[in-house]
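What follows are several structures.
Below, chain A partners chain B and then partners chain C, in two separate complexes.
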Partner chain A sequence: MAYMHIGKDFTPPDVPGKVTGRIKYAEDYTREGMVYARLLTSPIPHARVLDIDASEALAMDGVFGILTADDVYPDGEPQSTGLKILTNEPTLVGEPILALAAVDEKTAETAIAAISVTFERLPFVTDPLDSLQPDGADAYNGGNTFVFRQGFAQEKWTADQVASFRAGNEPTAEPQQTVAYGDLEAAFSASSYVYEGTFTNAGYPHMSMEPRSAMAYWEDGKLYLYGGSQSLTAFADGIAGIIGVPKEDLVFINEATGGGFGQRARAGSVPVYAVPAKLSQKINRPVMMRTTREEEFTIGGARQGLTGWIKVGFKPDGVMAACDLWIVSDNGGKGGGADAYSAADCISVLYQADAVRFRGTAIGTNTAHRGAQRGPGQNQIAPIISPILDVAADELGVSRFDIRKINTPMTGDVGGPQRTPFTSAYMPEALDMASAQFGWEERQSRRRQTNGSKVIGLGIGQGYHNAGRSGMDGIVMMGADGRLKVHNGVGNLGTYSYAAVSLAAAEVLKMPWDRVDIITGRTDLHLPITSPQDGSNSIFTNTRTFYGAAQDMLAKMKEIAANELGGAVEDYDISNERVHQIADETIGMSFGEVAAIGIELGGKYTGEAELPEELAEWTQIAANRLAGTGFMGIFHDPRHEGNPPGFTVTCCEIELDKETGKFEILDMISIAEAGTIMHPKGMDNQLVGGAVWGIGLSALERHLYDPQNGIPASTGYWQSKVPTYLDCPLKIDTGWVDLPDPENPVGARGIGEPSQGSVSAALTAAITDALDGHIFGASPITTDMILNHIAGTSEESVPLAQNNFRG
Partner chain B sequence: MVATSHDVMPDIELYQPADEATALDLASRLGNEGWLLAGGQDTYGWLKDRNKNPSAMIELTQIDAWKGITETTDGIEIGAVTTLTEISKDPLIQSRYGLLAKAAGVVASPQIRNVGTLGGNLIQDTRCWYYRRGLDCYRAGGNICYADSPEGLNREHALFGASRCVAVSPSDTAPALVALDATMVVSSSNGQREIPARDFFVGPDRDILNMTVLNDGEILTSVKIPNAWENAEFYFEKVADRNVWDFALVNVAAAFRVSGGIISDARIVCGAVECLPRRLEDVEAAIRGQSRSESTANSVAEMATQGARPLNYNHFKVPLMQNLVKRAIRG
Partner chain C sequence: MNPKLTRRRFIKGVIASGAAATTTAAWYSATGQEKPSGFVERLVRINVNGQVRNVDVEPQETLASTLRYKLGLTGTKLGCNRGECGACTVLVNDVPTYACSVLTHSFKNDRIETVEGLESANGDLHPVQQAFVEELSPQCGYCTPGQVMSAVGLLRENPNPTRDEARHALSGNICRCGSYDSYLDGVMRAVELIG
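What follows is the complex of A and B.
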């Protein structure tokens, strides 16, 4: 389909500000009389605060006050999982205990050093399997796990059960969760190759460049809160509840965000923003709270570490007959995450196994908060399952490409334990495109070729994440100047998706892009609710709402034109910012003229009547404040049917040096299958960015806690080992299938998460290939692991342990 | 109690002497309360985290006499405040002492090399994360080593020379300078002394609180490299987790005099395997009179790691060190 905007590159409105440095992040704002808050965080992994003596600090010059958990939870702290604003019951090193405000940060730090906190030390644990031991410590007060609607509970295995699992056997304990479909036993019986083994995924920290700093002040009963987030209205909606301020009295300002990969999508992941808000209220001054890199690590969140056992069966023709997955998840110090289930869901979706069983148990440890970080489970399982497919292919005499093609999901298929149908699925096309552009077949002759100590490895991998939601609201406005104003609550997290989804509205109204204004950046501009901008959903979800809102405006335009100029609504069309009769284009009026008439008419044309009944409360507030101020198009999106998937395929070639354990990525290509492509440059950025993350996940990034004292060992960019430029290939080729999805009005779906998973899968497969099919069953695979394998060296490490130095 | 990250500089006096005498006087007067500041790459983390708490910093970067590269009658002399970028790109060093140019050119990242100095790279403190975290370990004056324990995270720690502490030397230029038979020029208000590079670094058996022989009030002001190894055959390789920024898991610096295909003399030094650069004199002796070849390399590889005592998580350093020594010898 020929589009005016969709599929074409454009300049998002925030680009000049980012290039020149003029755009403002939370720390860039100031306010007259602003003071600075610093956090006192727990130095102990599990403790109870018995006493806080801040008298000396409060007596210092330049100190304005402190905020404690008793201030923010006067009725007692919530007894549940999840981060708290402040706490007297820390369950990880770095959890905020109190905040202090002072004239500057140095004074605040000096004052904090003068505060005496008396802790009662409690037992702690850094590995979920240690906690499962009969005498293992519990991470939480009340147990080591959290049962929905029941509260904290204790989960223990026998020592033999833990030892057996660590020895590589299928866990025999009762899982907390079991989900299954198909006849597993029959499927394994029909298999001619069965792989069985254990695996570990290290935790994977969020580490966004901009730490979770925030500034807040109160004025005329309203709270003005400046912070970075991935979402705008969805985040504001949530943080209003956490702070306890009515939605209509909160103004959340978030012009730009320095990175967000899930942990800044929802307010529950960033309750610390309530600190400057409540401290400001307490001391009656604007408060800026800048968090440190270490705080960003400890409360900024990480993916769960997974410790698992997997059994996969393949039929003689390469069809995946069965997958049996048992995972113990490391839920960290604050609980959270359902990664293990998503790992099983991913295998079911990507490989269409006849029978799948997932069993899982989630156990807390006194380590960093866990939650979102680009792919819940799909990306952790990607580097585990991909080498298994390759070994199966070699064993069965099927090519490594064909085994993926044989098992590929396609339109008409279902996926996941819930057997949900895809809205569309063009994975076969993505595989073919990746193979052709990479020259997969031609490169097979290079496979395992050696040059001195170096050996070539080839890898192919796939990524998946559900990529779309619905049920949100859209608003577009127009004044007598005829400019289209897209009221956009999506949030600017750096991907430009907030701008790309606005193209859908411009497309409907055939508006030139320079006549479109995206209204965003602060909630007092009256923005509709959106889904949190996570889980690859933005493109699918928000093109539906903006398309719908623009369609509503278009219908109203035609109504007005028919009423003013005669004829029926069906007799009218639009072009060149005019509504005109189809039969005679000279009979018509400009958008500005139509808007002016609509404003004069009022009622449904200006949002003063006939609003959609299903609008969210947040949108109702916005619509009511906009009512009567302009010509309005407004829309509530009904729910869609099916699973709109985001898929990627990656191929890579590496050269691994067997003497150093290092490898170089010689070539890499990632192909997206995300329906219609809205913004090619944005898609390219997603694929390349995801590739860098995939390299980190597979080979470098660590999430470490010292078992002796529970302190984190990988809090910064140096110790956590995020990839650098020179760890990545000079060029990462990209491409996309670009076929429309029927459940989206412009055919689009999202792609954020999968771009990491397919790279991780391909890279791990390539390492396995270079090492003659050795399966590490781990991510990351680090230099030391490769060297130990080649040398036949056995470390004295604890098997399946989270938080050992191998990750 | 474990310190947490504060990320704010404390109150501290800053002295910015413009001449040698003033700097040496300050160093003498302030003693261990005077923190020597050059590129700052081993300074700000300590101070902002408040795990080191000196009362003053003495910034050395304004003293021109301690900067630059000078040709001498017996080689070259490099001011200790010369940046690593200058050293790695200096034509004289590149042409005659390429080993040092290579080593300086792989330190950390371009940004760090632009401000980081040779002196700073040589006298930087160990990167043991327990120690850096502010724990009360032996090196911090306590009575425990958290890394050398059954549960210690010690992947990056020592194979050799453990004595209560198992931290390693993090420097890339130190092994190169030991291999080049360099001399460290140390100044104080009492005068100057010259120390062979191999004697400049100390292990925990001699001094568990310091990694060099520098005393309070002394400043490393320059490094002299004799012409003994000028234009020799050199080999430097660093293996780190990442190709930028990281410290070596193991590095090797080697210099060979080869005549008629036969090694007449050699220096082979490994870093990140011991608290000080580890010179492999047995290997050097074994390859003298041998060809610089694969077979020679293979014949001495195991000798390179004789006496190694791996910890729980650093067994991999044994084959890595052997492989790097082999690569150095075969060229």
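What follows is the complex of A and C.
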């Protein structure tokens, strides 16, 4: 379909501000009378605060006050996992205990140093399997796991069960969760190649470039909060509840956000923003809370580490018959997510196995907060499963490309343990495109070619993530000037999705882009609720809402024109910012004239009547404040059917040096299958960005904790080693299938998450290929692991564990 | 103190002598007093974006702190404040420098440029900035000012870099969004714009 805007590049309005430094992040704001907060954090991995003596600090010149857990939780701390604003029961090193405000940061630091905190030390643990031992320490007060709606619990295995798992065997303990479909036993019986082994995925931090600083002040009973988030209205909706301020009394200002990757999508992951808000309320001054890189590591969130066992069976023709997956998740010090289940879901979706069983247990450790991180679960399992497919292909005499094509999902298929149908799935087309553009077949002659100590490895991989929510709201407005104002609560994460989804509204009304204003950046501009901007959701979700809102405005325009100029609504169309009769285009009026009449008429035309009944509370507040101020289009999106997937395929060629264990990525291409492409350059950015994340997942990033003291040793960019320019190929090629999805009015789906998974799958497959099919069963595969393998040292020499050098 | 030297007379003398500012060092010099042990000048003059700025600088103050919190030049970002990420990169005498890892006192006689100083007087973007817009190089944008300054530093030294030379020149700037490819596209586009 030919579109006016969709599928064409444009410059999102925030880009010039980013290259000039003018755009403001939370810490760039200032306010007259602003004072500075610093955090006192726990130096102990698991403890209970017995006493806080801040008398000396509070007596210092320039100190305005402190905020403790007792202040923010007067009825006691919530007895659940999840980050707290402040706590008297720290379960990880670096967890905020209290905050102090002073005239400047130096004074605040000096005063913090004068505060005496008496801790009761409690047993701690840095590896989930250690905690599962009969005498293993529990990470939380009340157990080592948290059961939904039941509370903390203790999960223990026998010593033999732990030892057997560590020795590479299928766990025999009772899992907390079991999900299955198909006849697993029969499927394995029908298999002619079966792989079985243990694996580890290391947890690692988000390391967003912007530490989670925030500033807050109160004015006329309203809280003005400046912070960074992935979402805007969804985040504001949540943080209002955490702070305890009515939604209508919160103004959340968030012009730009310095990276998110899952951990700033929802307010529950960033409760520390309540510190400046509540401290400001307490001392009656604006408060700026700057957070450090170390603090960002601790409370900035991390990927769950997975310790697992996998068994996969393939039929003689390469069809994946069965997959049996058992995963112990590292939930860290504050609880985790559903990564393990998503890993099983991903295998089911991508390879359409006849039978799948997932068993899982989630255990806490006294390490960094875990939670959503780009493709949670789907991306961890990608580098584990891809080499298994390759080895199976070689064993069965099927090509490594064909084994993926044989098992590919396609439109009409179902996926996941819930057997959910896809809204559409063009993975076969994506595989073909990647193969053709990369020259996969032609390159096979280079496979495992050597040049001195260097050897060529080829890899192909696939990525998947569910990429679509619905049920949100959209608002567009127009004044007598005829400009279209898209009230946009998506949030500015850096994907430019907030801008790309606005194209849907411009498309419906055939508006020139320079006549469209995106209203965003602060909630007192009255923005509708959206889904949190996570899980590759914005494009699918908000093209639906803005398309619907613009359709509502279009229908109202035609009504007004018919009333004013005669004829029926069906007699009218739009072009060149005019509503006109189809039969005679000279009979019509400009958008500005229609909007002016609508404003004069009021009622449903200005949001003063006939609002959709299902609007979220947040949207109702916005709509009520906008009512009567302009010509309004408003829409509540009904739920969609099926699973809108985001798919990617990556091919890469590496040269691995067996003397150093290092490799260079010589070539890489990533292809997206995400429905209609809204914004090609934005899509390209998501693909190359995901590629960099995939390289980090496969080869570099991991948590490292001192097991003797529970101290993190990877708090910075260097120790955690996020990829740099020099870790990446000189150029990453990209492409996309660009076929529409029927559940979206413009055919679009999201892509942010799987772009990492396919790269990690392909890169790990290439490393395996270069090493003659050796499966490490790990992410990352570091240079020392490669060298140890070449030297003949087994991975089993390093225990199966998390937060150490293996996992 | 010299009884004949009043504050007013001192300031008038400084102005008459053509000095641009009153400094503590000048005060000690004028009064004939010995500087105390460990004395570090507080009021310093630094040249930022072609303008001489007088700033009260603490002895241990980093250039990034001075730029952001004393001069309001918040385009210079603090990502790690420990020399790992490059978000705070500025140019000192055309050389890309981590502003978080150097002390302001070290640059009293140097030419400092930040991202705010790149636009022309009529508001035109610097070719690197323009190229980064055209290539949609930034994602979240937090590292972008540092990437811009490293790229400007590179192109001043080497106006026709290869993509690989650009990759090495910018390798001290981390982009957690992973927009390296788009930044390199931007640098190569800037080469074309500069001509």
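The working rule: the second predicted complex is superposed on the first by the 800 of 807 C-alpha atoms of A that agree within 3 Å, B and C clash if a C-alpha of one lies under 4 Å from a C-alpha of the other, contacts with A are read in each partner's own complex, and residues count from 1 in each chain.
Here, a contact is a pair of C-beta atoms (placed from the backbone, for glycine too) under 8 Å apart; a residue touches a chain by one contact, two chains touch by 3 or more.
Quick caveat, the model's predicted, so the values are computed rather than measured.
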{"item": "Clash-or-fit label for the pair chain B, chain C on chain A", "value": "fit"}
{"item": "Touching partner for A:R625 - first (chain B), second (chain C), both, neither", "value": "neither"}
{"item": "Touching partner for A:T292 - first (chain B), second (chain C), both, neither", "value": "both"}
{"item": "First (chain B), second (chain C), both or neither touched by A:N804", "value": "first"}
{"item": "First (chain B), second (chain C), both or neither touched by A:W718", "value": "both"}
{"item": "Touched partner set for A:D14, first chain B, second chain C, both or neither", "value": "second"}
{"item": "Chain B versus chain C as contact partner of A:I23, first or second or both or neither", "value": "second"}
{"item": "First (chain B), second (chain C), both or neither touched by A:K731", "value": "second"}
{"item": "Partner chain(s) touched by A:R447 [first = chain B, second = chain C, both, neither]", "value": "neither"}
{"item": "Closest approach of chain C to chain B (Cα atoms, Å)", "value": "5"}
{"item": "Residues of chain A contacting chain B in one complex and chain C in the other", "value": "292-293, 718, 723-726"}
{"item": "Residues of chain C touching chain A in the complex", "value": "73-82, 84-85, 87, 114-116, 118-119, 125, 128-129, 132-133, 135-145, 148, 163-164, 167-168, 170-171, 173-182, 184"}
{"item": "Contact footprint of chain A on chain B as seen in their complex", "value": "1-11, 50, 109, 129-130, 133, 135, 146, 149, 151-156, 237, 239, 241-246, 249, 312-316, 318-320, 323-324, 326-327"}
{"item": "Sites on chain A touched by chain C in the complex", "value": "9, 11-12, 14-25, 27-28, 206-211, 256-261, 292-293, 493-496, 681-682, 684-685, 688-693, 716-718, 722-726, 728, 730-732"}
{"item": "In the complex with chain B, residue positions of chain A that touch it", "value": "38, 41-44, 93-94, 105-106, 108-110, 113, 292-295, 453, 659-662, 700, 704, 706-709, 711, 713, 715, 718-719, 721, 723-727, 782-785, 787-788, 790-791, 793-797, 804-806"}
